[in-house]
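Chain naming follows the written order as A, B, C and D, and within any one chain the residues start at number 1.
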Amino acid sequence: MTSTKKKTIFTAAVLLILLAACVVVDLTLPGYHIVVTVIKKATVYSLVAVSMNLLNGFTGLFSLGQAGFMLLGAYAYGVLTIPVAKRASVYQYFDGGAIKFSLPEIFSGALGDTVGTVAGMLAALLVGGILAALMAYLIGLPVLRLKSDYLAIATLGFAEILRAFFQWNTLGPITNGSNLLKSYPTFSHATPYVILAGLMIAFIVLLINSTYGRAFKAIRDDEVAAEAMGINLSKHKRMAFIISSFFAGIGGGMMAMYMGTIAAAPFKSTLTYEILLIVVIGGIGSITGSILASFLYIFSSEWLLRGLDSGKFLGISAPAIFKNGFRMVVLSVVIMCIVLFFRRGLMGDKELPDLLDRRPKKRKKEAAGK
Amino acid sequence: MSDNVLKIENATMQFGGVVAVDNLNLEINQGEIVALIGPNGAGKTTAFNVVTGVYQPTNGAVWFQGEKIVENHPQGKMKKLYKGEHDGEYPHVLAPTPDKITQMGMARTFQNIRLWKSQTVFDNVLIAKHCRTHTNFLSAALRLNRKEEAEQRRHVEELLDTVGLLDVRNELATSLPYGKQRRLEIARALATEPKLLLLDEPAAGMNPQETDELTAFIGEIRDKFHLTVFLIEHHMDLVMDISDRIYVLDFGKLIAEGTPAEIQNNQRVIDAYLGVAEDA
Amino acid sequence: MQQILPYIINGISVGGQYALIAIGYTLVYGILRLINFAHGDVFMVAGLVMVYSTTAMPMYVALPLVLVATVLLGFVIERAAYKPLRSAPRMSVMISAIGVSYLIQNLSFYITGGVPQPVTTPIPWISENVALLGTSTKRVTLVTPVLTIALVIALVYLINHTKIGMAMRAAAKDFETAQLMGVKINAVISMTFVIGSFLAAVGSMLYFTNYPSVAITSGGMPGLKAFVAAVFGGIGSIPGAVVGAFIIGLCEEIIKGLGYTTFSDAFTFALLIVVLCVKPTGLFGEKVTDKV
Amino acid sequence: MKRLFAFVLALAMAMSLMACGGDKSTSAGETSGDSANKVVKIGVYEPQTGDNGGGGKKEILGMQYANYVQPTVEIGGETYDVKLEIVDNRTTPENGPSAASELVNRGVSVVLGSYGSGVSMAGGAIFAEAGIPAIGVTCTNPQVTADCDVYFRICFLDPFQGTVLANYAYNELGVTTAYTLAMLGSDYDQGLVYYFTQAFEALGGTVKSEDFPEGSANFVSYINNAKAEGAGVIFAPVSINYAQLIVEAADAQGFEGALLGSDTWDDNMVIESAKGRDVDVFVTTFYQEGGNADFDAGIKEWINANADAKTNNGGNDMISAVTAMGYDAYFTALEAIKAAGSTDPKAVLEALPGVSYEGVSGLIEFDDIGDAKRDSAFIKTANTEAGAWDFVKVQTVG
């Protein structure tokens, strides 16, 4: 039992250090600094990657609809939080839009400016999550009966359909058609992102380690056995799908906060693929891995490897090779190597606390071998 | 109603033109150990799958503890293809999924072991407890079900103790030797708190000593958990040792039933099954 | 009639192009049970090779080169990215396919500088305009369906009447048994990819004769739609893929003609979901039952 | 174990890079290695990849040429070297913030760009927070500057451009039915269509609007729809790729009316497509080749001498309007820096509204919102025989 305690302390310590580091970054660097920007983006990606892992890694449902649910969350957030005064200019082609209220302003009236705005923003995120969950419920009815790759392609198709709807001019008074939503409130510091995503991820971790999470894993390992042991397949698959979509929706809302503008275009299948590959890099079935991979991927693609695109990297100057797009080539080669040769990814199915008992286990095995 | 736990009534299972189980009737009473035997391909596992809801019978019904749980009649294309009897006697359609049937109090093991590979011994059994959980996912995730969870874990430990696997509780299920995996499967089935336990070839691949242990073990758990046991088995020693009654299936049809002694002396059975086995 | 004729001609032409890609999906799926997400990108690479080679060398060298290069690419992808994962779970292979697609796109991006490459020297004769029943169209529009059907007939002959074709059918029916029976499974799979890539290359040449430039994203949509066509027709079935492709091509253009242009892509996917839910085996697919 | 080690190593690397990154960001006025002069950095926030990659590259060419012509600037009596910091924003808004942050991180004094409006708005928030002024080159959506104090622009706006084209179609071409075609999800396309439609209907014409999904390659059916509507013009303010496709499809289907394009169409790739075809193409644009002989000759020489530049220009030396705009944007920025007398972004921001600069595309001055005071646009038509743009007229809206 002491080992469990040790692990808990270790995990808590690591998380606290990371949070403290984030607060320090926020206090010393301005909000527009590249470090803050990449932390924000990586945090959002972490949440979405973890939500995808819950479905693909822990329940064994290969879904590629993540971008669609993020789209819903992002739009819900934008539509509900744009200040009323700015709606006329944002919805310039749609007479100020059909929705004439803004959640942060409503909450501000009741709770005071700062608290109210934040409460309104959180409420909008929540609405986005709930919408995504509702949509997941509807989609899940027909689609979840399909098997692995059919499910993948059906969810992919669904995300594309959703995108067309959001760009449809007839829905313009709500979605602003093909035009951007903007001028909504965002957090300028990274810490709120980290705390928000952290709480969500914590909930997912708790869920995975609960009796329901165990049932998900049983479905992943062997559906027939799971059903024979009294686990209702359709109910649990639907549950995983809905929960995952809920968090993807919230992730989408946070993505909207990060981007500062919302359009349907970024939420393409490419986004889903990117997140899927992040999950694979981290290790399918490891929450820690997904988070780690998100940070590594975003940090390198958005910041650290930029030199590969602009001629100079790590002091080596080679404009002929280091030109536009080289960064992504390097990244995708790395990804292919992981997919082919390190199939378990960075973490396999290990989590942060498991890092502690790696060594003793190995010794034991060696001893047994002798 | 009689006090039988399981009753299969005129069940026929037809795949396309092939009749795998043909008009099967059998009854199992409270506390009995009943074996279903027959040569390979006789339709034994299919019969199990019909009972546990994996397959929907083409025609017929299944009763469990005096309640009709499965019923079907030929539909669609089957209307024309159907070759069995008692057509038209089962107008209703009752087709619960396997998990529903497990929740009613029936649990099974598999011929080819189907443990959850990435899970430990302890978790394999604990997961089977999930179907008896009353909390919803929110309170489970927020750990509001501590009491129930602790209770379940205690129960699982007891079970593992009973089957003698407590010392390997933290090993991966698949790292166990074959015999122990079989036991684990039984423990897992027991965790769902069944009234009726269905064992599909529990002794397959076991040596004589292990088989003897298993024989004793099945008796033990029957008494301890007040179970009724329905099993498929090829090891005749085991079958003759523990069965109260035996049903014999050949080409999907029931050809004999009775006590071990009766079956051993039944000419049809010897012809169809034992005779062949001896030749081989 | 005069009103809808252009839409129908165009639909058939588009359908023919989808068909040539769809066959690649359906062949690979039939044997490996793998959605080869990279197939659309192979199609795009064929277009790029065509652009580069036709500007640099004469047509009679350039076009065979496109075929050879594309076939080689398909072969290499299979050997490098799918073969090592033969015993891995299906999900890993599919992820590998997505990874390959990502890699090809990024690589093409790097090489082209992310700018669409103009088709400066289109293939002569088929890129000329002809008048047809009062409308005008490129000759390729008419050539595509004819060539598609000819190729499909050749392919069906290959599959039904040659030794390698028999091996392919055996592998599609039961992978492991075929292997036990002495079918050289790796050769069969390579052959599948070679055929699929060959057809994609032909499709690509026809497709990009119609269009002025090849962008790195050019493969994505036709690829996805061809896949939908393959599913619609019953994945694993060659006639199914072809019929499915023509139906999708026609529907798409008719939808545009009816004025629902916003949803011309969405419609394809809606059709996919409906087909998957109502008749997962598609129009001509065989029913597969799972063993417990 | 090995993996853990690799991970720790990666983290350490990341940390050390982060430390370096942190240091670099502070000041703009550092000295460069190879010359004794101090350096002032101008950020270039442009797409080099994605749908607008081609256009973005041409815009950058103008800036690079300008930098080649005028590589230094006098600030407070001291000569500074001007260094362009080019960051690719990949056309799409979701890549905007990090690209913008990267520029801020490199310590630029002023930012030029972007080609498209959506990505400009996405970056605008970051620039506003950092207090760095940005000069939009060809982002024509009114919203870019409307809500952002640091964004200025030197081009005309969509309402203006849409109205110009509607007037031209109705009054000069004498067309009463127009068909518009825009890409689904492109705010640029949709915005122009909106203004065009408003203006055209106000004049008494009728408009039929349709959208096509991103990645469309076959425009035959759309052209047929336009023919079925009896449209005299097709107005398609789409990006270069689609413009090419539409030109080809219109020719193949024998569309007899005119094709109207916006500033995006003013590109040598489009003229390449139109060459030898039976189409009438009219576009509005910021600059007409030949408007400034010195500039034209100079940049042509520079492009021809520079293989990379030539590739980025589409393989020839035809000057796109966006290139001229990029050139003007660079000099506008230099004027602002000179006026500010400092490399401090805040000072440049304060100096910008007062700048008045006579560029190759006309006089550049800003109004209260930060938009260029422009009341005229060039209209050009494609000469399909010669494969060049012919000047038609200067259209104003009065």
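The rule is short, and it goes like this: a residue touches a chain if its C-beta (ideal position, glycine included) is under 8 Å from a C-beta of that chain, and two chains touch if they have at least 3 such contacts.
Worth saying up front: this structure is predicted, and the values here are computed from it rather than measured.
By the document's definition of touch, common neighbours of chain A and chain D comprise C. More C-beta pairs touch across one of A-C and C-D than the other; that pair is A-C. Most remote from chain A, judged by the distance between CA-atom centroids, is B. Our note on geometry: chain B versus chain C, Cα centroid distance of 48 Å, whole angstroms. Here the CA centre of chain B is 72 Å from the CA centre of chain D.
Work out the mean CA point of chain A and of chain C, and you get 32 Å between them.
One simple way to say how far apart two chains are is to compare their mean CA positions; for chain C and chain D this gives 36 Å. Counting partner chains per residue, chain D has residues 48-49, 184, 211, 213 touching two or more of them.
With touch defined as above, residues shared between interfaces to two or more other chains in chain A number as follows: 163-164, 167-169, 224, 324-325. Residue positions of chain C touching 2 or more other chains, listed in rising order: 109, 113-114, 220, 262, 265-266, 292. Of all residues in chain B, those touching chain A in their complex are 52, 54, 97-100, 102-103, 107-108, 110, 114-119, 123, 126-133, 135, 137, 140-143, 145, 149, 152, 188-189, 191-192. Every residue of chain C that touches chain D in the complex is listed here, in rising order: 3, 6-7, 10, 14, 109, 113-116, 118, 129, 135-138, 207, 210-213, 215, 217-218, 220-222, 253, 256-257, 259, 261-262, 264-266. Residues 56, 60, 62, 142-143, 145-146, 148-150, 152-154, 156-158, 160-161, 163-165, 167-169, 224, 269, 273, 276-277, 280, 284, 323-326, 328-329, 331-333, 335-336, 339-340, 343 of chain A touch chain C in their complex.
Those residues of chain D lying in contact with chain A across their complex are 1, 3-4, 7, 10, 14, 17-18, 21-22, 25, 48-49, 86-88, 92-94, 96-98, 100-102, 104-105, 118, 121-122, 124-127, 129-130, 142-143, 146-147, 182-187, 189-191, 194, 211, 213-214.
On chain A, the positions that touch chain B within their shared complex are 203, 206-207, 210-212, 214-215, 217-218, 220-222, 224-233, 239, 243, 285, 349.
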